[in-house]
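Have a look at these structures, which come just after this line.
In the two assemblies presented below, chain A is common to both, partnered first by chain B and then by chain C.
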Partner chain A sequence: MDTIVFAYRPPASDTEIPDGPLSGMRVLLQPDLFVKNWPADAGSKALAGFSAVFDATVIARLRAAGAVPAGFAPMAEFGFGINGSHLGRILAADEFLHAGLMTDMLGEARMAASLAGLWGFKPSWGRVSRYGLTGLVPSMECTGVLAKKLSDIPKILTRISGADANDPSMRTDPPLDVSGLLDATAPAGASLRIGIPEALATGNAAREAEMSIAREALSKAGFTLKNVTIGDLSLFAAAHQVAAAVEASSSAGKYDGVRYGFRAETSGNWNDMYLETRGQSFGPLIKALLMQGAWFQFQDYPGFEAACTLRQHLVNQTNALFNHVDLIALPTREADADPLTANMPADTYDAFSLTLAANLTGLPVLQVPGTSADGPNAADTAGANQAPGFQLMGPAMGDIAVLRAGLALSSHLQGVIS
Partner chain B sequence: MNSVSTTYEAVIGLEIHVQLNTATKLFCDCPNQPGDAPNRNTCPICLWLPGVFPRLSRVAVEKAVLACLSVNCTIAEESAFDQKVYYYPDLPKGYQLSQHHKPLAVNGWIDIPEENAKNGALRRLRIHHIHLEEDVARLVHETEGGKPVSLVDFNRAGAPLIEVVTEPDMRNPYEAMEFLKILRTHLRYTGSTECSMEKGTMRADANISIRKPGSGEMNTKVEVKNMNSIRHVGDAIGYEIQRQAESLNRGEPIVLHTRLWDPDKQVTTAMREKFAGPCVPDPSVPAIQMDQQWLEAIQQNLPEMPPHKASRFVETFGLTAADAQLISQERDTAEFFEAAVSQNLPPAKVSNWIISHLLPGLRDHQLSLSDTPLTPARFSGLLSLLATEKINAAAAREILLQMLTKDAEPEILMKTAGLEQVSDDDALGDLVDKIIADHPSDAADFKNGNPKVVGFLMGLAMKASKGKANPKRMKEILTEKLNALQQTSE
Partner chain C sequence: MTFHDRTPCGTVCADHAGNAVSLAGWVDALRDHGEVLFIHLRDRSGIVQVVIDPASADRPVCDLADHLRNEYCIQVSGKVLKRAPGTENPHITTGGVEVAATRLTILSRSKTPPFNISEKSMLAGTTVHREETVAEDLRLQYRFLDLRRPAMQDQLLKRHAITRTIRNFLDEQGFVDVETPMLTRSTPEGARDYIVPSRHHPGTFYALPQSPQLFKQLLMVSGMERYYQIVRCFRDEDLRPNRQPEFTQLDLEAAFIDEEFIYHLFEELTVRMFAVGRIDLPRPFPRMTWLDAMNTAGNDRPDLRFGMRFVDATTIFENTRYAIFRQILDRNGCIKGITVKGQSDRLSKNILQNEYAKEIVPGFGAKGMTWMRVTDAGLESNIVQFFSETEKSAILERFGAGPGDVILMIADPSWHLVCSALGQLRLHVAGRLGLIPEHVFYPVWITDFPLFEATDTGVTSSHHPFTMPDRTDFDPENTDDLLRLKSRAYDLVVNGEELGGGSIRINDRDLQHRIFQALGLSGDDVNEKFGFFLRALEYGAPPHGGMAVGLDRAIAMILNAPSIREVIAFPKNRSAFCPLTQAPSEVSEDQLAELGLLDRGGPAPLPGASQAKDPVTAVSWVSRIGLNPDRPNEKESMRTVLDQARALTAKVRQAVEKIDDDNAGALFSVAPAANRFREGNTAKICALSENKDLFKNAPAMKGGYFKVAPVLE
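So, the complex of A and B:
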């Protein structure tokens, strides 16, 4: 096993355990979420030396509930993809940690959970405040929760969700009410209809094996399985990539090295300083993404508009599926695309092709850990041999329904912790 | 100039930025006071730091809507912010939040008097749309130890602006200047903005092209910036029309570009083009949904606009059209007039005193009504003193000027300065006796049938009274006494 290396650990004085409903829960974070006075570089050289002047809303709410920010795990630059991210692995390996928060733009939180054999949940877009999140793709990103025990996820969500005046982009709903969910006598929701997109569940040995485990567990839990057609996933990827690139280009515009972060030495004028600074600030994946975004902004605006139209179409089409089923079960990752080494937009999108639909549509989705004879956390730390598990996606703002189904399902899965 | 106007016709459109006078900036709670000590009015939102979101000010939206309504625009049910992408040190976020695809308001208009019109004919100039946007930071270029440095002041960053974009309806400098004057009057009426080109709270850019008269063509336009008075706008447009005409006459085509007005040399010069970026919908600022209820609540704050006010003043108070227009130019003047008239004074008298004495007095002292302690009650009190002959007109003018700076009732000022009119016959008689005694030869002239002497002696008598004498009574007594003198000698 690798040595566990945090990107930042707070001094001992910061880890006193306050009272509250989450008292003593230790939560691992990434440096794209502001924790007052902690470094806030979001994994990018562009923000080297920048530190947070306030607690992100989710951090303030976690602290108020008694949870303890345990430290930062190394992260992919601006949280796009998981090349360089260690949060899932550290969380799985460190017995003192209970949960982790990880920004999910393409499926990062679910993918990290899948690779580490953990539960992962991406709430509906607009459920959780982004105030204090450095962010990159505003319309897709959402703070995801990873946990060893599924029941910790609703406990955390009920604390961090709900309207925040500092983030007017989010919905104005109150915090998620999970009171009926964790009650031992809560109904299992046996009448649920689960849609399985046939085309995604077949045609590939690894996927077929994983989805057959999913079917078995879903059936045992008493759910009704139905075939659905989710459409061409490459369209989801295309719409996601164009919109995400454009948004990323705008979001990263402020990283110019003038006021904070890294600034390159140059003898030229301010234009040269910008070019040098930005050229040296970003890694190859982000640089390629920003170039793509700038291309659509400056050279092919109609292409961007077409992607927005396509996105709306895909949102409508996906929402319509929930007229026939309550939830949709999806595989999580492809065996032949490795998200840990993807370092260009094309291979990153390949690696997240099964998860990004929930980001494009803003839907809530649960990553159910893969089961193996040895239990979920027994795979090697790189996750290569860890069974991928599968996703349960719900309708817009149907976060509770997704979690309830997950809890009902968990007792029928080997080696997972409810 | 004559040859130009017969050979070519100008097509002019204006883009006018107006700063709203809200207490806070457009997207945060920082004071909207760009002139304060540099970077004093800043926070993570208007410094455009990571991790924060714009929080749109409801008050700014309402002030902007009021401004749009004052120039007859239709308010959009849904308007939204876009990111206007460009990279420049005054915008370290890399984009400006503005409304491009879905502006706040569309299809407005204002009427201007036709040039040289004797019959009050009006010409309607259309407004294409008005949108909301945030101002950018201010760059200050200085030298530190012989090395040039550029400093960024974020006090202005995020200040609320509206941009008024007209249709290309104007044909000459007069129309553009008249549009700006009337636009300014209307916008000021709403109380949403100061609208001062001199102070930079109103900035106008002009798009100018020329064509054969009546051809209807839309030719390549040139944008002219950097005019900081309405007069400069007229001068710059006039110059630019001439320049383009000469260019065409030499066979040189007009090229799309931007020029800066140089007020000292009275010319426009080409400026280096800023890289014009695209406008992408902003994913984080919620769209403005203007429902009927909200719109009606805002509409209730819309005051009566100057054209209505002026015609009502003609109908209700019998003012002349010219006086009514002058009185209704500024909202505070018009409201002051109505309040003063309501104290039972003849409207023509009130308007005459406002136009001939109050407004020039304010101009001379570079004051606006709200800067002064003068109230309509004090003003009408002064006019009552005049009407009841407690003071004469010269004293009234003097007291009025004092009231622009002194916080006191007119009676007090009258007594303090000893400006009370002397109407007492005995006192005036003594004065007249003395003047006649001191000027026997003039009195003799009168006797010999020269009536002009009365005017001369009257002047001396008023002077001797230090201007306080009731001139009417004084003249009567003087005439009486001179006539009596004539009779005794006969």
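So, the complex of A and C:
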């Protein structure tokens, strides 16, 4: 199949994989996670020729559990947006692959899952170690899991989550306890209250259609539906973009061509070396984002602080919703948004307007795949015929509740493999 | 409290045993033996041990002594005692005695100093652990404490001894110390001036002198005959590690003299100065013409402590088949080389070819280097097969080379380039192989400099335009003739460092005019810049000449100090900044207004201001992300991107104003902040660094370091 073009596939006998709970599971990755001796350019010229000198914590834990790192899919530069990312498509198309790991800063993992008709889960921020993740926006990014079978997601998460001494920024919680979750006899949580933000479910034909499918499935699963108000999503986007740009500008400061990666040929002094190296290192989207970040850092720092204040306010507001409902259901993408071609910050943020709230607030969120006219998981390469599906978002550290609801829901979805 | 009977600490000796003494100074170190307290008391003269013993001191004295800390300033009276045999301290000159205190006064308390000042151990057989890693900027910030260190005081005392030697000697020779002004006129020669705005004449500026050159010549016209001054000079030059924006110069000028007078005078003076550092300089100092220096050491300040003088090999290759030499000689080039005696073991093929020929020598400006190792079988090299037998034997003979020697040659169409590159190579090889003897001083006079150097448009003075040429029959319009002129200038060079220089000056107005003419200065220019000086030459100026010696550098050399900052009481750091006073600093708008400096820019923008105002250029610079000049639409697209950034923060601010939530502080991370400590408490080296994996991805590295472009061009 011509859509299966890996960025890197290891030689067959790359490493001995021990037997373990994930034995036989083949996981597709992106080159922003360090796999020792694999090329690790994170999709950027800035890291051209870079190869990882150690395994990321996530990779080491996957290997220890018996999973096989199957290769790298091409990715968007530093995993920001999905223009250039092929992980969802390859995972859907390749019958030998079971799951994929994809960094989620704006909703990339969920968006890729949505376009490919797969399950996608972004855990609570701080659940999964970022050690060995190249990353770009530390306070938003999170390793997301894509899978054909929903039950594979908790199996993987319980292995890769949990405190890591090498990542002091994360929470110190133990690995996610999924015992009982996959047991068929466990209660399905029929008494769950699901909040549906009214403003997002109406006034737009495509979203209305998708959310009515969601309502039907949620009701069939026995959940109680309630209206909630989530507030102005464009404020989430603005706070996200200002903070993300600043964090990206700081994170990308290390790409100066001194210790690794690409260095431009220059004849001048080291200022010229930096200017030219960095000027040629980044693609248009990242370059624009870094310029915005530098603008906030050097010319309008109070603007950045204001965005962080707004972020706190939005986090408080969102957390308060969970006093009245257990989970929130919301659409994943606009019919007219095209995340695969967005190549500037403005259109990228437009494309992810419905997913980025979970990154800003650090909440766990599950992408429930939509049905496809051609049957499950049969989307064409661009995902055009693939219905978007919807998101189920839970309270902070409520990862288990979200996954449990997803499992209860899966049997009521038409045309979706659970 | 009186100090009239104070005894300097360092002078207490066994002869005083039994006497009462009164001391004052600083607590250098303390040693508490339970009841008995030992103090190292330090003043400029040295250190003496004071004992506070309840057996001899009253209770209140002992109680007060409990409060003492290092660097407290105290006064002590007591009795001098000989130390018991075996308890003497060889580290201090007064180690045979101690003072049993009977009275103690704390004159002034001290905070804990930011670094250790004490240099003398209190116990025989132990040494004071001095943290040599004290950052120089910290030392300079607390220079008043740094200078309490005996080693630093010793440098200043010796500096004083050297300047006193100079003054005494010049006084004997009939020289008069005359002060010249610090606020003077900016002249366009040499380095940049430090300028001082004038309040009384708004918009005009004094300049601080780069040297008192014109004033000292005016003093000769005035008939002072013999003048000297130890004077501060100011030059706003590019930063160099061993350069100060202000520096001290021994400036001297005399009338009715010639070069021999100067040589004689300065040889005697230099010998006396070096004698302060217990260095014997043999007289007379050898002399070398500039041409010889260039031809044999490639440098107008040659380091003659070691051999490896240049050998000219041009004529050996007159008929060579070797194409590279052939082309160079066809372009009137030259070939010079050096012999490195007996070092072929340490200069392997690999080092010669891959390090020197490929990396080091190109850094000296030469296109390449030819190397030959001499073995029992003859010459060994990557190009020796191109040489004829005659050439090979001529090489061995002319270079005086035998087995075990290495011959290095540089060939180029430019004689200047050959000399300069080979000169740097000579120093590099000698430094690397340790062939430069230490504690040897080799003074030499360099003479017969060219008067002019060629520029794109004509000529410029090699020294300064007041230097006397060797002949006066030149044509100021004929560049070739001008370039053949020699100057009556001389430099005193020691171990490759220029200690000083000077010249016999022009004392004839017409000659001076022709020199200005040769330099291409118009009559108006000359009058504007040097009118006052030329006028003086019209009134019977005597023949005269002089010399100036960079004192800081000379003293640092005599005292073997690692940098000139070690022999200056209050130096600037390497960035020409004073960490002690935080100079230079901003001044108030009022001060600027008073000086008429505020609106000097007028409507014309200051240079660079437009770039700073263009947000795209400014952000590109601060983030070091270059914009592609070949893609002008990139800059325009970034302008749009920054407009969006402004719109975003505007939107954010509007939203923040509406927040009435008291709990909305700025949130930087959704995970609660927590203190975390890395395990273990000893520093360890990262494994990736140890196994060199860190370098695996380096774009360029050299000798265990990442290699980058030069900081300055």
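Note that in this section the second predicted complex is superposed on the first by the 410 of 418 C-alpha atoms of A that agree within 3 Å, B and C clash if a C-alpha of one lies under 4 Å from a C-alpha of the other, contacts with A are read in each partner's own complex, and residues count from 1 in each chain.
Assume a contact is a pair of C-beta atoms (placed from the backbone, for glycine too) under 8 Å apart; a residue touches a chain by one contact, two chains touch by 3 or more.
For clarity, every value in this text was computed on a predicted model and none was experimentally measured.
Student: Aligned on chain A, chain B and chain C: do they clash or fit?
Tutor: On the shared chain A, the partners clash.
Student: Pick one for A:P31: touches chain B only (first), chain C only (second), both, or neither.
Tutor: neither
Student: After the superposition on A, what does A:G370 contact: first (chain B), second (chain C), both or neither?
Tutor: neither
Student: Which partner does A:L133 reach: the first (chain B), the second (chain C), both, or neither?
Tutor: So A:L133 only meets chain B here.
Student: Contacts for A:V53 in the overlay, against chain B (first) and chain C (second): which applies, first, second, both or neither?
Tutor: Both partners.
Student: For A:V315, is the partner it touches chain B (first), chain C (second), both, or none of the two (neither)?
Tutor: second
Student: Touch test for A:P339: chain B only (first), chain C only (second), both, or neither?
Tutor: After superposition on chain A, A:P339 lies in contact with neither partner.
Student: In the overlaid three-chain picture, which partner chain does A:G394 touch, first (chain B) or second (chain C), both, or neither?
Tutor: Neither partner.
Student: Counting touched residues of chain A, say whether chain B or chain C comes out ahead.
Tutor: Of chain B and chain C, the partner in contact with more residues of chain A is C.
Student: Have a look at where A:G195 lands relative to chain B and chain C in the superposition and call it first, second, both or neither.
Tutor: Touch partners of A:G195: none, neither chain B nor chain C.
Student: So in the superposed three-chain picture, is A:S169 touching just chain B, just chain C, both, or none of them (first/second/both/neither)?
Tutor: A:S169 contacts both chain B and chain C.
Student: Going by the clash criterion at the top, which of the stretches 129-137, 219-227, 273-281 or 471-479 from chain B hits chain C after superposition?
Tutor: 219-227
Student: Taking the contacts chain A makes with chain B in one complex and with chain C in the other, which residues are shared?
Tutor: 50, 53-54, 138-139, 165, 168-169, 249, 256, 258-260, 270, 274, 297-298, 304, 308
Student: Going by the contact rule set out above, which residues of chain B touch chain A in the complex?
Tutor: Residue list for chain B touching chain A: 44, 47-56, 83, 85, 87, 89, 92-95, 150, 152, 277-278, 280-281, 283-286.
Student: Help me check something: in the complex, which residues belonging to chain C touch chain A?
Tutor: Residues of chain C touching chain A: 615-616, 618-628, 637-638, 641-642, 644-646, 648-649, 651-653, 655-656, 659, 661, 663-672, 674, 676, 678-679, 688, 693-694, 696-700, 706, 708-713.
Student: Would you mind writing out the residues of chain A in touch with chain B in their complex?
Tutor: Interface residues on chain A, with respect to chain B: 34, 40, 42, 47, 50, 52-54, 56, 130-135, 138-139, 165-169, 246-247, 249-250, 252-254, 256, 258-260, 270, 274, 297-298, 301, 304, 308.
Student: Chain C touches which residues of chain A in the complex?
Tutor: Listed in rising order, the residues are 49-51, 53-54, 125-126, 138-139, 165, 168-172, 234-235, 238-239, 241-243, 245, 249, 256-263, 266, 268-276, 278-280, 282, 284, 287-288, 290-300, 303-313, 315-317, 344-346, 361-362, 396.
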